[in-house]
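Data first, discussion second: the structure below is written as structure tokens.
Letters A, B, C, D and E mark the chains in the order given here, with residues in each chain numbered from 1 onward.
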Amino acid sequence: MSELLNWLLWVPLAFGVGALFFPRGAARWLALAGSLGALGIAIAFVIDFSASEPGLQYAVDNEWIPDLGVRYQLGMDGISLFLVLLTALSWAGATAFSALRRYPEDAGRERLYYLLLGLAETAVLGAFLAQDMLLFVLFFDLMLVPFFFLIGIFGSGNRVAATTKMIVYTLVGSLLMLVGAIATAILATPEGGEISFSLADLQANLLSEGSQEWIFWFFAAAFLVKMPAFPIHGWMPDAYRACPLPVLALLSGVLSKVGAYGFLRIVLPVYPDAAATFQEAVLVIGVASILYGSVMAFTQTNVRLIAGYSSIAQLGFITIGVFALRPDGADGAVLQMVNHGLVVVSIFLIIALLYERAKTEDLSEMGGMAMRAPVLAALFLIVTLATLAMPGSANFIGEFYILNGVFQAKIAYAIVASIGVALAAYYALRLYQGAMHNRLPEGVESREISVRDGVVLAPIVACIVGLALWPGLILERGEASVTENVSVVALQSCTDEVTGGLGTTDGPGAAAEVTACAEDRYGLPQIESEEGESAGRGWTPYGPEVSVIE
Amino acid sequence: MSATAYGWLVLAFPLAGSLIIAFGWRALPGRAAGWIGTAAIALAFASSIGALVMLQDEPAEARHLTSSLWDYASAAGLDIQLGILVDPLSVFMCLVVTGVSALIHLYSVAYLDSDRGYARFFSYLNFFVFSMLLLVLAGNFVLLIVGWAFVGFASYALISFWYRRGTATAAGMKAFVINVVGDVGLVLAALLVFRELGTFDYLDSFEAARETFSVNEGVVVAICLLLLVGAFAKSAQVPLHTWLPDAMEGPTPVSALIHAATMVTAGVYLIARMYPLFELAPTAADIAAFGGLATLIIAATIALAVTDLKRIIAYSTMSQIGYMVVGVSIGAYVGGLFHLMTHAFFKALLFMAAGSVIAAMANVQNIDRMSGFRRALPFTSLLLIVGALALAGFPPLSGWFSKDEILVFAAERGGMYWIFAVGGYLAAFLTAFYAFRIGFRVVAGDPCDEARELERGHLPHAEPTNPLTGEPEDTDVGFPGPEHHIAERAQPMAWAMGALGVLSVVGGVVQIPGVTHVIESFLEPTFEESTLFHLVPSTGAAWTGLLVGAVVSATGIALAYYCYVANPGVTGRAIERLSGVHRFLFNKWYFDELQDALVYRPMIAVGRFANSIFEPVVVQGIVDGAVGLVRGAGVLVRGAQSGFVRAYALLLLGGFAALGVYFLVVSS
Amino acid sequence: MEEVAFFVLAIGALGGAVAVVGLRNPFYSVLALIVHLVSLAGLFLLLHAEFIAAAQVVVYAGAVMVLYVFVAAYVGNVEEPIWDQIPGQRVLAPLLATALFVELAIAIIGTGLKSLEGEGPTIPLGFGSPASIGELLLERYLIVFEAASMLLLIAAVGAVVLAGRRRREEPSGG
Amino acid sequence: MTFEAPHIDYAGISPVLALTAGLVVVLLAGVFTEGSRERLVVSALSFATLAAAAGLCIWQWGEGTDLVAGALRLDDLGLAGGLIAIASAAFCIPLSWREEAADRASGPTGHAEFQALLLCSVLGMVLLAQAQNLISFFVSLELLSVPLYVLCGSALRRRESLESGLKYLIIGSLGSATLLYGLAFVYGASGSTDFAGIRAGIGGDVLGDPLLLIGIGLAATGLAFKLSVAPFHQWTPDVYQGAPTPVTAFMAVATKAAAFCVLVRFFYVALGPAVDDWQPALAALGAVSIVIGNVGALGQNSLKRLLGYSGVAQAGYMLVGVAAFSEAGVSALIFYLAAYALMNLAAFAVITIRERETPHGDDIRAVEGLGRERPELAWPLTISMLALAGLPGTAGFIGKLFLIEAAVDADYTWLGVAIAVGTMISLAYYLRVVAAVWMRPSAKRVGAEPEPLPAIAGGSPEADAEDFGIAAAANAGAAPPGTRCRTIIALTVLAAAATVFFGIVPSPLVDWAANAGEAIAAALPV
Amino acid sequence: MAVEWYLVLSALLFAVGAGGVLIRRSPLVILLCLELMLNAGNLALVAFARASGNEEGQVFALVVMVVAACEVVVGLGLIVAMFRRRIPLNVDDLRELRG
């Protein structure tokens, strides 16, 4: 099964490259086959995955650049599992959407388009699968390249400036992250040891608090820009305006998640002290993103930007979920990443349909399109309700978990964040109503969704509905891995607190204190230590072992 | 079958009905959708009775059964089941909801007949009933919130059912957003409960609350206040009430079902359901009661002034729910819930009658233009008067018993609670007056043009206009169809109205002081832990209260008769003389304007500010600033690249000079 | 005696250098350089570098300067404009030159190397003679010697490439 | 008079001998052949020479001895530098085939001279990379430079070419004089010209002596000029732009390789004991270079100029490897040099082709619309730009990774950050080129109606007429794009493919670079 | 006569030469100034050779002479070529390439 990870990763790119050698009309079908293949593999992983086990359930570990300590390490745990599925599904959707509509219109560039899509999918999957920090950084940066071209070549309006701005802005963060990653590996290497970027090794040799603190911000810069978070979302409006819609669906739906994933997968376990130290700083950013994104989405009339700013708000939720530093908040964040991905992908595909009917992207010039398009309206309505996290949708459960986590950790932030829930109702509904309801303006056409678009949109919406019925699917599978990652922070910071930063506890009394602290403050489930077992080991069920002096 | 199995069935039928209609909308011929919808609700009603029967079989102390279908979202220490709680309170609500709903569905089968969105309507309506039942059956806070929000959504969907009408969509949005505010309150309340008590389950949390909290402890008050946000938003209590009058944009059966009989009473249900918490937080309960009192008076005064038929009834609804909120807040659970039931009957009836009248008026809703329908619409007129009498609390109709039960309880509790009794009777007087403002306007007097035409056998038609703004509307899709339906000519409407008329008249018999106490004894197992439930006024006191109520009601009706039948001009003169007061009331105490100024406008202003100033200046400023800095440096570097080779040499040697200075400094 | 010779030659070298920089006519500058080079050759002699001194006179002052003279004559007398186009260059250049001198002088004077303070160590007979230099060149610095010869060859080729006349260019060439 | 002929390890010095011999043969061949035959024969001979030299270098790989009485050092570091220079030369010869500087339409063609000059420069580079004596260091640097001065100015019809030649010569000689003065001081302070002797001579009291340090400063200035490190970089953009493109390509890549090798050897072997004094200076120069190079490249329309500034920045990156003063630093440097060669050569090759196909010269307009029109050129150019920008999937990324790792390992984390910041800025201009290639409508080709060329000749009207004639003739006889310059395209694609290959499978190149790093390990503190 | 004196003179000559390069605009004179600088270097080399008592500096100086000659040859070649192309022999007029 583990070998399938390689297939999963490289199939999209291989098919994309293969498409280069196909005749023009056929390339798209090959690319579609590739994305469906990846989807199939991803589904196989979901089926095979065991819900209760923490840690990596599948792993590939090969040498890559031994001199630099970089390994080709892939793996999948409960956090990446559904993000991989989301990626595969979104790409299959966007590829199918494009292929069925014979997009791009410029047949001469068709093969290029699908090659870039394939490359992008591989890069994103790579980021989700990488278990080597440098490999992660590599894929994280790599994914920008195809998007640079996709926006720049196939986009509209001021596309070149927009795409350049996007890539430079986002790379600002990720290049700092590269430095941070290298610094981490070097600082974590014990005297005379071999340098290693493997996440497992880095988690085993935590850095000093001082190092963690500056490296933390290098990573945070990368992730927050990518999401994007307020106030460093400056690239977003232009890029969203220019991006072709199937690509935008991916950009907004999937790429933004990589940032949040990075926080959870890398920052928390590798920089636990810094994460605890800067918890409130990131919470402030998250809450500000929620409020700002919502308020912006309020008054925007460009439909893409409404969705875009709403994404800022949603990513704000996900961020605060992760930085609740509790299993519940983080588990909710994982669920919410998938939910938001599904919702945004379908929103942008719907926006494509709206644009086709209204010939405008200005909400104030749209309206009444539900008239002869009940199915489209129904699909749009479901997506809208999921967007505003209507209770009963999986998005609500995600937000509920997140708010719960933050509520238990830092109550004030949760209360402020909950304002965002109410605001979301307004902007999401405004988008739906503005497009579908009221009178049909001149020049806007009300036309039912065609079968070729329906076969793409319907399955995605079906996933949204399915998840609404059983959000536990993701929550249960994510729980163990999430707890593992969060527990590192909890134990680290509690140990520091109990021992006054010495990192060691003397005696079982202190160990019990740490356990209590971790449970109380971070909601970490307490594992009953068996009688007779050393007290120090009983409370480190997950993550690195903290040394204990008896 | 167990009671919980019936409970699941209660939920299943409406949901199935909704889905069948939604997916089969194209295949369903004629009124099939309507009949399917009605049948689904009727089956749900039957299942409710099944649940009732099964529940009564249980011993009294075991009458709270739970059941869970699956782990809805349980992970990371949170245990969230897809579980229901079947107990007397939820079964009582199920019976009211499904019973009234079935009748309203029946009415709608004919009323909406010509509408292009017929199937959509029934799908929504069935979904609403499902949501409402989910709300009342939910066994934990999360599922409660789900039902709560579903109800809000169904309400939104049905308010903007005629989605081509701008006022309707705006009203829907307003309703939805205010309801979401309520949802947020509930969510926070649930989180606080979980934080303090570690569970989302009703029964567990109530039990834990009794052990954990002392009376009036800050946390429990906070929980209750947050719950009240939800309850007030949903039940349209001041100040979160402004959506309800606007919600009258929906089709009349919707107004009857959702915005009178069922959904808006969810807040009352919530307070009753959460009584263990409220009894631990008397402060919060008192706040709720005062909110209810304020609402019932304010709404009654507004109902005196507005002229839109449906809006008058809507304000009356607010006012009546105010009674219920007062009731359940001060501990008159039986009275509150009893009034909830009777109100459902007579208010639904009033709306149905109003729908019939509006149809006869060719979609005109201004009562000033109506008069003399008694011959043209005899059946409707009769039931309208019955409904008005019940609303006015005229003996021996149902409203008389239920309302006074609450007020007597208030008086019985004494102390400050006398205020509620006095306020309640004051409002009852106003209620009687405006109820017959409607009754006499519609029924009495010379027939208006439309009534005359109807007497000649024609149903009047007019160009379709928006009843609120008077703007002409297109008839293509989604507006009231080309044909109207009045109860006199449409069998299903007549059946439904007839049934409700009977219930409005006799509904009071279940709880006559000293005679019957069906509701009280049925609900007792739910409220067995309550300290207030058992505080029952003496039969004498109860009858005294009823007597006062009857007098107040009769006085109000008499005044209305004086104003609208005996001296038709007197109201006009009164309006002139009291123009300030009238304007204040006619503008609904300026609540809309207040909300606009305090919430909506600031929000939009902040949004505009963010969009037009903050985003370009700060957010783009970060980008532009960095870019400008780099560009500026680039300009400098390129400027230094002057093309003069001697300048290059200068820089080269200058560079060395600098390097040399460094080396000289570090040299020992 | 040596001091006198040094100062005379130093003044000659410095004067020549200053004249090269200061004279406005390139032709005169070339002549001034010859004075400078010859003075330097004298200084080399004082430093016991006979072969270098000889090479200086023969190769430099002789061959190379002839080349200069020819080119100076060929391109004619180009007067430089008084006005300096580069703002500040006129001020900065002398300042920078002074700064350079100061830095170098500090390094030279401030050094702790004892050997610079005296006349240098006693040296064997034949120090700097053609024989000993030649030996060094052909033994230790064989590769340098070869490389220098390649350099001369390629410089010649380069000069031909740059300045060599071609048939088609004759009409336009001067 | 008795000479003791020094022991000469002919195997070790064989690459140098091969190049010398080849150079002479090429010159002679030029005398005896004419016209198109000349190009064929001379090129064949040049290739043979370069191939032989490269083969001999590879043969000697792994050796580690002093050559010719210690004037040269045969080790993997020097060989690596030499190999990069040789490969670049081999790449640039086809580029020069139609270049006006070598292929004069009127009069005898100049291929022999052109290629002889090129070979001589390569010879200088091979020697320089191996030099471990101040004198051989200086003379090989000149052997490298003098032919380049000539080559830069060799497009005699273009005023820019002459201008660049003269500017290069003046600044170059100034740099040489500075370097010479610095070497003199180092010699004076240590009493030796051998690197090993210097190392021995500057221990003790001399360490930290102003004479030595000023000498180091002067030498660093002279070398930094050669490496186009800011603030000694100002000749670079002008000369890159003015010189004939094949020369620019060669100069940009090969000079850096050889000069960095000698920089490493000089600073590590000879000046190793003084590391605490020079390390911060080199680090600061690296940082300044990164900033100035990158901001200068913004907004440039001339691609060669852009690559010139980019070269300044890249030199800054590579200087970080030197400043690290570690084996990893040297390995990173060599890796980056090789990667830099691949990516730059591909870019210059595309510019060369487009200069001939469009009237825009090396202006960015020349590559507009290339993606649609000439994918075989667009892809290499794109890959090369992305690699220069250090995006993953290319050797450029691995190179930067390597350098940052070396910097951080040497406790120069801020230099790693400087590389990252520089890369951010650099994206703006690299991506501008990529955007022009893929996202702009295509430039007008010269094709059917020969547009008058811009007045590039200046001064002489006759010469101008001649130029037009040449241009018109070239266009009239021009084969459709795609069939011309097949060799160049093949080489370009190869270079781009290698850039990607080493981005994905970097290990062979990393190992190769690590060998070079090990060669210097003896000079490093344990 | 201390070697230091020679070195100070050499530094002075170097500075004068450098100043000349910075001030003069005729390429011919600039070449002359560069000669001055190289010769200053030679003087330093020979002086250091004297101070250290080995002849390596002298050999170096010899090589520098060759190098200087080569630079002159190429430089003069360029000047001649420019003169033929009627490019003004003033380095300040060589500003086609800039920015």
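Brief remarks on what is shown
One rule holds in what follows: a contact is a pair of C-beta atoms (placed from the backbone, for glycine too) under 8 Å apart; a residue touches a chain by one contact, two chains touch by 3 or more.
These figures come from a predicted structure and were not determined experimentally.
Think of each touching pair as a link: the shortest run of links from chain A to chain E has 2 of them. Counted as hops between touching chains, the shortest connection from chain B to chain E is 1. The chain with its Cα centroid farthest from the Cα centroid of chain B is C. The interface carrying the most C-beta pairs in contact is the one between chains C-E. For the pair chain D and chain E, the distance between mean C-alpha positions equals 25 Å. The mean-CA centres of chain B and chain C are about 101 angstrom from one another, to the nearest whole unit.
Centroids of chain B and chain D (each the mean of its C-alpha atoms) stand 78 Å apart.
Averaging C-alpha coordinates per chain places the centre of chain C 29 Å away from that of chain D.
Of all residues in chain D, those touching 2 or more other chains are 135, 139, 142, 146, 149-150, 153, 156, 165-167, 170, 174, 178, 181, 185, 188, 191, 209-210, 213-214, 237-238, 300, 428, 460, 463, listed in ascending order. For chain A, the set of residues touching two or more other chains is empty. Touching of two or more other chains is recorded for residues 85-86, 89, 92-93, 96, 100, 103-104, 106-108, 110, 113, 115-116, 141, 144, 148, 151, 154-155, 158, 160-162, 169, 172 of chain C. Every pair of chains in contact is given here: A-B, A-D, B-C, B-D, B-E, C-D, C-E, D-E.
Residue ranges of chain E in contact with chain D, taken from their complex: 7, 14, 17-18, 21, 27, 30-31, 34, 37-38, 40-41, 44-45, 47-48, 51-54, 56-57, 59-60, 63-64, 66-67, 70-71, 74-75, 77-79, 81-82, 85-87, 91, 94, 96-99. By the touch rule above, chain A contacts chain B in their complex via residues 165, 169, 230-235, 237, 292, 295-296, 298-300, 326-328, 330-332, 368, 370-372, 374, 378, 385, 388, 390-392, 396-397, 400-401, 403-404, 407-408, 411, 414-415, 418-419, 421-423, 425-426, 429-430, 433, 436-439, 470-472, 475-476, 478-479, 482-483, 523, 525. Residues 331, 371-372, 386, 390-393, 397-398, 400-402, 404-405, 408-409, 413, 416-417, 419-421, 423-424, 427-428, 431-432, 434-435, 438-440, 506-507, 510-511, 514 of chain D touch chain A in their complex. Contacts from chain D toward chain B in the complex involve residues 166-167, 170-171, 174-175, 178, 207-210, 213-214, 216-218, 220-221, 224-225, 231-232, 234-235, 237-238, 277, 280-281, 285, 291-292, 295-300, 425, 428. Listed in rising order, the residues of chain C touching chain E in the complex are 2-3, 6, 10, 13-14, 17-18, 20-21, 26, 29-30, 33, 36-37, 40, 43-44, 46-49, 51-52, 55-56, 59-60, 63-64, 67-68, 71-72, 74-75, 78, 80-81, 84-86, 89-90, 92-94, 96-98, 100-101, 104-105, 108-109, 113, 115-123, 127-128, 132-133, 136-137, 141, 144, 148, 151-152, 154-156, 158-163, 169, 172-174.
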